[in-house]
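Same chain, two partners: chain A is paired with chain B first, then with chain C.
Presenting the complex of A and B:
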C-alpha cells in the first residue's frame, strides 16, 4: 500500500530510474556554488532569484514548472482544471488537493491551514512581502478539509495557477511563522534563515551572504530520496570563478547563472570536468524606442506622455523604427555577446510555444540596403554630414543601457550599423542599481527614459503572459503622476491594444488566448516601439559526475534536486 | 600620558558622531534603492511596500536618530546582556540595527564574519611583517648589493601588481594546473585535529600569501628607508669606533631606533585588517567583512553599510591613538604631557 502511494505521488518527478533504487543520502555531499550569495531563506522577504532558488531546496509550492514551461504537480496528485472540476466553471475559484501523507520536515502534516496562513502572511501590508503579486485578485482562501485548499478570486481568472505555483510562492509552515506576521517579519531571524519545509533538504546552518549547509530531510515523502546526504551551498565571488570551480578545478558540482563571455566558457568546458547547460524562458534583450519627446528643453514635460500631444520628433514613425531594426545584424549581436546562451528573436513574447508569433521573422536577417531605401523613400535623406534629416529634424539618438560589458559590446555594434544607415548615435551607460533603481528623484532610471533609445532585458514569471502583455496598456505609462511607476516604458498607447488586453482577461480557452497574445505581440512589433534583439537563456554548469539535472529557466533551477545523483 | 589619552578619547566622541552623520548623509544622498536588484517581474506597488516595510518612507533625520539609538544604546545593552545574562528593561522588544537584505541584526552578521577575516587577513598582515623586516634590514645594510636590487624589484612588483591579478594567477597555477590548493575558501570548516588543521592551512595559503606579498612590499620599503637614515648617524660611527661588534651595532642600536616609525606604520595599518581585503576576499570567496561590505553596497543595504563603515571609522581613530602612544613608549624623548 505504501509503495503504491509513493509511486503515484512521485511519478511525475522521477526521471532517472536508477535514482529510485538508490538509498537516501548514499551519494554523499553535493557542492553548489552561486556567485551571488543568498541573504535569507524566506522567499517572501527577498524576491531575489538567488534567495528563491536556495529556498526551493527546502520550501515547496504545490506545483512546479518543468523545463518546457509546463506546470507539473508537486505536493498534489493532479493539477486542478475545469475538466476535472478543480477549477470552477465560472473561473472564480480553484481547488487544490494536497497529496496524502505529505509532512513537514519536523514530522507534522502539511495542511490547508498552512496555505491559508502563507496567503495571510504575504498579503499583510506591513510585511513588505516581495511576492505579493502572486496573491493578486484573491479574495479568500478556505480549507474545505485538512488537505483541500479552495482559492476564491474577485473576478474570473482564466489562468488561476498563480498562488502556490512555481518557486516564488512556496508554502510556509504556520506553526513556525505565526508570530512573524507583518512588521514582526524581520524579527524572526531563526525562522527566516531556517524555514521548516516539505522539500528534500533541511537547513543545518545558514550564514547570510556566505554559505548554507543542508542535510537530507528525514521525513521527505520519497524514502529513497534525496540521493545526496548533505548540500554545501556556497555563495560569493564572480561568475567566471564559479564556472572555473566546476569546469576546471572540479571543486564544485553545480554553478548557477554563468553570464560570461561565450568563448571563455567554451574554453573552460574543454577541461573536461563538467558541462554547460542552457535553458530558455521568456527573457528578451530588447530596444525600447521612446514614443514621447525626451528633449531636455521641455523641462517637466520631458518624456511625459500627454495624450499623444508630446510625441517623439521621429521615433513614433514606424518607418524609422523599421529601418533601425532592419539595419541590425542580430546574428552578430548573439555571437559576440551571448554564444549558446542567446538566440535571435523577432518577438517580445518568444515563449511558450502557443504564444510565440512567427509573423515578424523577417528581422532575423540584416537588410542594410533595404533599410536605407526605406528611409530614402520616406524622405529622410542624408545631409551634408551624412546624418539623415527631414524638415529640419535630424535622425540623432541618445542610446542608453545599464553598465555591463556585454551590453556595451552590443551598443557599440548597433551604433556602427546605425551610423552606416545615416543615424547619429550617442552612447551612454548607467550603473544597474541606478538604472533599475526606480528612484523617482533620479533622472537616470529606465522608467524616466530621458533618452531616445534604451536597451535591457525583461521577462515574466510563470508561463502565462496575460499580466506581462498588459504592461503595454496606455494606463501603464510611467509619468510624474504615478511617481514614474509603470511598465509601459516606451510609452506605447493604442486603444486597439487595450481592447485586446481586456479581451484576453475574459478568455479562458488556451488556443484563443494564444491567438490574442500573438496579435498583441505583432501589434507591438509592427509599431516598432520595441525592437527585440536576443532571446536569452539561463546558463549553468554541472560536473560530469552529477546526474539528473533538468535545468529549467521557468522555475528554480534546483526544482528537481531530489532526483540528482552522483554517477559512479 | 594618561591625561593625554583621556583628552584624545574625549575629542574622539564628537569626531565619531560627526563621521557617523556624514556617512549616513552620503549613503542617503546616493542614488540607490534596496529593491533595485530584484527581478523586474516584481511590480512597482510591491516594491513600494517593501520600501515602506524597511522604514524608507520616513524623513532622513528620523532615520539617523533611530540608527543612533539602535547602535549607541540598544546594541551595547544587548551585548551586555549576552555577557552577563542579566535582563535590562524590555529586551524582547528592543530594536536592533537590522540589515535590509537579510532582515537579521547587523552586529550578528559582523560577529559571524570576524573569524575568517582575522584568520586570513590578520595572518597575512603578520606574515607580511615577518617577510618585510628581514628584507628591509638586509637591503639597507647591504645597500645596492644584488640582494638590495632583488628586494627593490620584489617590493616594486608587490606594490604595483594588483591583488586581483596575483590572486587569479595563483588560482590558475596552483588550483587549476597543479591542483594543490582549493580555489574556494570553506568558511564552515572547523579545525579539530591535525588533519583538519592541514586542510585549513591549505585553504589559507593562497589568499594569505597574495595579501602578505602586498603588505610585505609596503613595509619593507619603510624598514629599508628608516634603517638607511639611522646607519648614517653619528652614534653608529661612535659605536663602531668603540669596537662594538657589528652584529650589536646593527641589530641592537640601529634596528631599535629604526623601528620607531615602522611600528607606527604597522599600527596605522591594523584597521585595514578589520576592513578586510575586499578584492582578495572576493576572489577566494573568503566571505569576510570586506565581502560583507561589498554585498551591502550592491544591495543598497544602508544599515549594514552604515554600521560597518562606522566601525571602521572607530578603529581608524583608535589605532591612530595607539600609534601615537606607541611612539611615546618606544622613544622616551617624546612626551605628551
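Presenting the complex of A and C:
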C-alpha cells in the first residue's frame, strides 16, 4: 500500500515535472541568422534595423504592431484611447497603465519610473539618441502611480502612440542605465551589450558584429513561455547564403531580409526545408526625378534648389515625367526582381488602407504608344540619333542607384523602355554604404543626387504617415546649408503641398487625415517628380519545423518570438 | 671523329640566324606555350570577329525568354533578364582584354623605366625605390575610390561614359601595379651593371643611354616579359574586382568580371552563367601565363638550345 502510494505520487510528480519542462525552454535552441550583424543591444544607440530586431527579444515597448499594422497591448492590459479615457479629450496627453506583475529579468518590478527614465535617457541632448523622433513633442512624462504613465504633449497629438509603441522605443531599466546618461551612454558597454529587459530572453553572451547567445528569461511574465530555452543569433554573410542556410541546408531556423532574385528564392524553397514569408508595410521602390540641375559644369551649385532658380532642363516638366512613367511596365519589374515579395504600385504612400489613394492606378499598365504620343504632342521629337529633343535640349538622363543585383536588373529594364521611348539613359551604380552613407563630403550620396534620376526604397515606421508625408515640404530640401540633410530628395517644392502638411498636423479626425494624405500623395504623383515602381514586402524565411512565426513589417520581425515553438 | 659535330655546327651557322629566330625556334619547342598562344589568339579573334557572326545585342532584354538553357539562338543561354550570354561574353571579352593588355603595357612601361633608372644610376636609386615603396604601401582600394570619385565626372564629360571609364580604369590599374616590375628590373640591372661586358662597354666610353638600350635591356627582357604576362592576368582580375564594387563600367556594360559576379547567385539555377565567363577568364590567364613561361625559356640563352 505504502509502496503503491509512493509509486503513484512519484509518477504524478514526474508527470507534473515533465509538463513543466514541456513549457518554458522545452524546445531547445532556436538558431537565427541575420546577414547584417548587430553591433549593440541598445535600440537607442543605433538606427539600424538589425540592432532594433535583436534587442526586441530582450527589451520591450508597451505596445507592438501586429502583422496588419494594428497596435496591440504588450506590457499593458488595454490600449489607451479617447473612448476609454486613456487619451485626453483635447489630445494633449496619453495615459498608459502597466499590467500587474510585470518584472524585469532580474526580478525587480517594472515601474513608471523606468519609462520616465527612458524618456530622459533618449532626450538628453548630449546622448545622440537614434530614436529621439519617437519622443518629439513630449513636454513631460509623469508617474501617476507605480504602474501609471502619463505622457504630456506640447500641442494636440492626433496620433499619440509614438513613445513606447513599436520595437524602436522600448523601455530601459532605470537601475541599470542611470549612470549612462548623455555623453556616457556609449561607454556603458556591459549595459548596452546585455540590457536587462522584460522580454522573453536575456543575453548570456554578446559578441559585437558576430554572435549573440540568449537564454530564456526566468522571470518572464508568462510561465509557459518562451518555448525555446536558448537562442543563437548569428550575424554576417550575405542574403543569399542566409537564405540557403535556412531553406536548403537547414542549419538555421530563421533568416531575415532576403532581397534576392525571386527565381533563386523559389528554387531554394523547393528544397523543402523551410518557407519564405512576406509581409507588406509601406516600403516603396521609387524613382526620384531631380527637379534641380545636376550638370557638373555648375560646380558647387549642382543639384542645389536655390529657391527654384536652378531648375532641371527638362525633368521639371510633368509631361516628360508622365511619359517616363507610362513607358515602364511595372509588372515586368516586379516579375524580374521581386516575384511575390513585391506588388505593382502607383503611389508613394501605399498603406495603411485609409491613406492609400486610387487616383493614379492608370500607371499599372504600360502605355508606350501613349507615352510617345504625349512627348510628340509636347514638342519633344526624335532627333537624328533617335533621342528626343526640343529647343536644343536632349532627353538624356544619368540614372543611379545602389549596387544590388535586383536594382541593376530593374535599371537595365527601365533603360530599355526609355531608349524605346527616345530617351538616352546612362546607368550608374554606387556601393550601398556610400550611397546611403550620408557623408556630406561624398558626391555619391542619394541626398546630393548628382544625377538626373535615382532609384531606392523608403518607408516609414509605425502606422501614421504624417511625418513621412512632411518630408516633401520645401524646407526639407537638402542643400549645402543643411549639410545635405533633408528628406525631400527630388527637390519638390509647392506651397500648396506645404499648406496640406500644416493642415494635417492640426487635424485629428482619422477620415479627414486620410483625405489629406491622399491629396498629398496625388499631388506628388501628378508632379511626376516621384515615379513609384514596386510596393515591397519584407522577406524572411523560416524552417518548416518552426511554428508561430507571424511576420510583420510594421514592427520587429521577432516581436512575438515568445510564441514561437518547435514542431515535432 | 671529333671533327664531325663541329662541321655540322659550322654548316648550320652558315644559314641566316638572328636572336629572334632563335627565340622563336626555342619558343616553338615549348608545348604549353604553343597551346597557350593558340588559345589566346583564338580568344582574341573570337572577341573581335565573334559579334559579327553571332549578332545578338548583348544589352537587349527579352524578359519572356529569361534563364533559358543552351539553344541555337542562345548558345550559352540567357541570364535572368533574358540577355544573351554568348553575346555578353564576347563583348565582355573585348573590354576585359582591352583593359588587361592596355593596363599591362602602361604598368610595364612605368615599371621598367623606374627599375632601369633606379638600378643603373646610383643617385636615383634611393628616391625611386622609396617612391616604389610608397606606392606599395598605398592601400589600393581607398586610393581607387578616391581617384574614381575625383576624376569620373571630368572624364565622363570629356570622353563619354564608356571611354572615360575605360581610360580611368586602365590608368588606375596601370599606375597601381608597376611596382613589382620595377623591383625585379632594378635587381637585374644592378647585377648586370657589374658584369664584364657592361664594364667593357663603359670603359670604351659608351654613353649610359646606349649601354642601357644595347646591353642591359635585352638581358632583362625575360623578367619583363614574365611580369607582363602576369600583369595581363592581374589587370583582368582587378577590373573584375572594381566592377564588383560598382566602381567600374556601368552595370549594363558587360565585362567578364561583372558577368561572373552577377551570375554567382544563379550558380545552381543556371550554371552556364558562371561557367562561361569563368572559363574565359581562366583560359586567358592560364594561356597568358604559359606564354610567359615559354618566352622566359626562349629568351634565356642558357636554356635555349637545350
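Going forward, the second predicted complex is superposed on the first by the 546 of 568 C-alpha atoms of A that agree within 3 Å, B and C clash if a C-alpha of one lies under 4 Å from a C-alpha of the other, contacts with A are read in each partner's own complex, and residues count from 1 in each chain.
Going forward, a residue touches a chain if its C-beta (ideal position, glycine included) is under 8 Å from a C-beta of that chain, and two chains touch if they have at least 3 such contacts.
Remember, it's a predicted structure, so these values are computed and weren't measured experimentally.
Taken together through their common chain A, the two structures put chain B and chain C side by side without a clash.
Once the two complexes are overlaid on the shared chain, A:33 sits against chain B while remaining clear of chain C.
In the superposed model, A:237 lies in contact with chain B only, and not with chain C.
Look at A:426: by the touch rule set out above, it reaches chain C but stays clear of chain B.
With both complexes placed on chain A, chain A has more residues touched by B than by the other of chain B and chain C. Of the two partner chains placed around the shared chain by superposition, chain C is the only one that A:408 touches, whereas chain B remains out of contact.
Shared-chain residue A:296: touches chain C; no touch with chain B. In the superposition on chain A, A:267 contacts chain C only, with no contact to chain B. Contacts of A:174 after superposition: neither chain B nor chain C is touched.
In the superposed model, A:442 lies in contact with both chain B and chain C. Of the two partner chains placed around the shared chain by superposition, chain B is the only one that A:249 touches, whereas chain C remains out of contact.
The least CA distance from chain B to chain C in the superposed model is 6 Å.
Shared contact residues of chain A, touching chain B in one structure and chain C in the other: 442, 444. By the touch criterion stated above, chain A contacts chain C in their complex at residues 240, 260-261, 263-264, 267, 296-297, 332, 335-336, 403, 405, 408-409, 411-413, 415-416, 426-431, 442-444, 450. Those residues of chain C lying in contact with chain A across their complex are 59-61, 63, 66-67, 80-81, 83, 149, 153-154, 156-157, 161, 245-247, 250-252, 262, 265-266, 268-269. On the chain A side of its complex with chain B, the touching residues are 33, 37, 39-40, 42, 45-49, 125-133, 183, 185-186, 189, 192-193, 205, 207-211, 213, 232, 234-238, 241, 244-245, 248-249, 251-252, 271, 432-434, 436-439, 441-442, 444, 458-461, 485-487. Listing the residues of chain B that touch chain A in their complex gives 31-33, 35-54, 98-99, 101-105, 108-109, 112-113, 171, 175-176, 179, 182-184, 186-188, 282-285, 287, 291-292, 295, 298-300.
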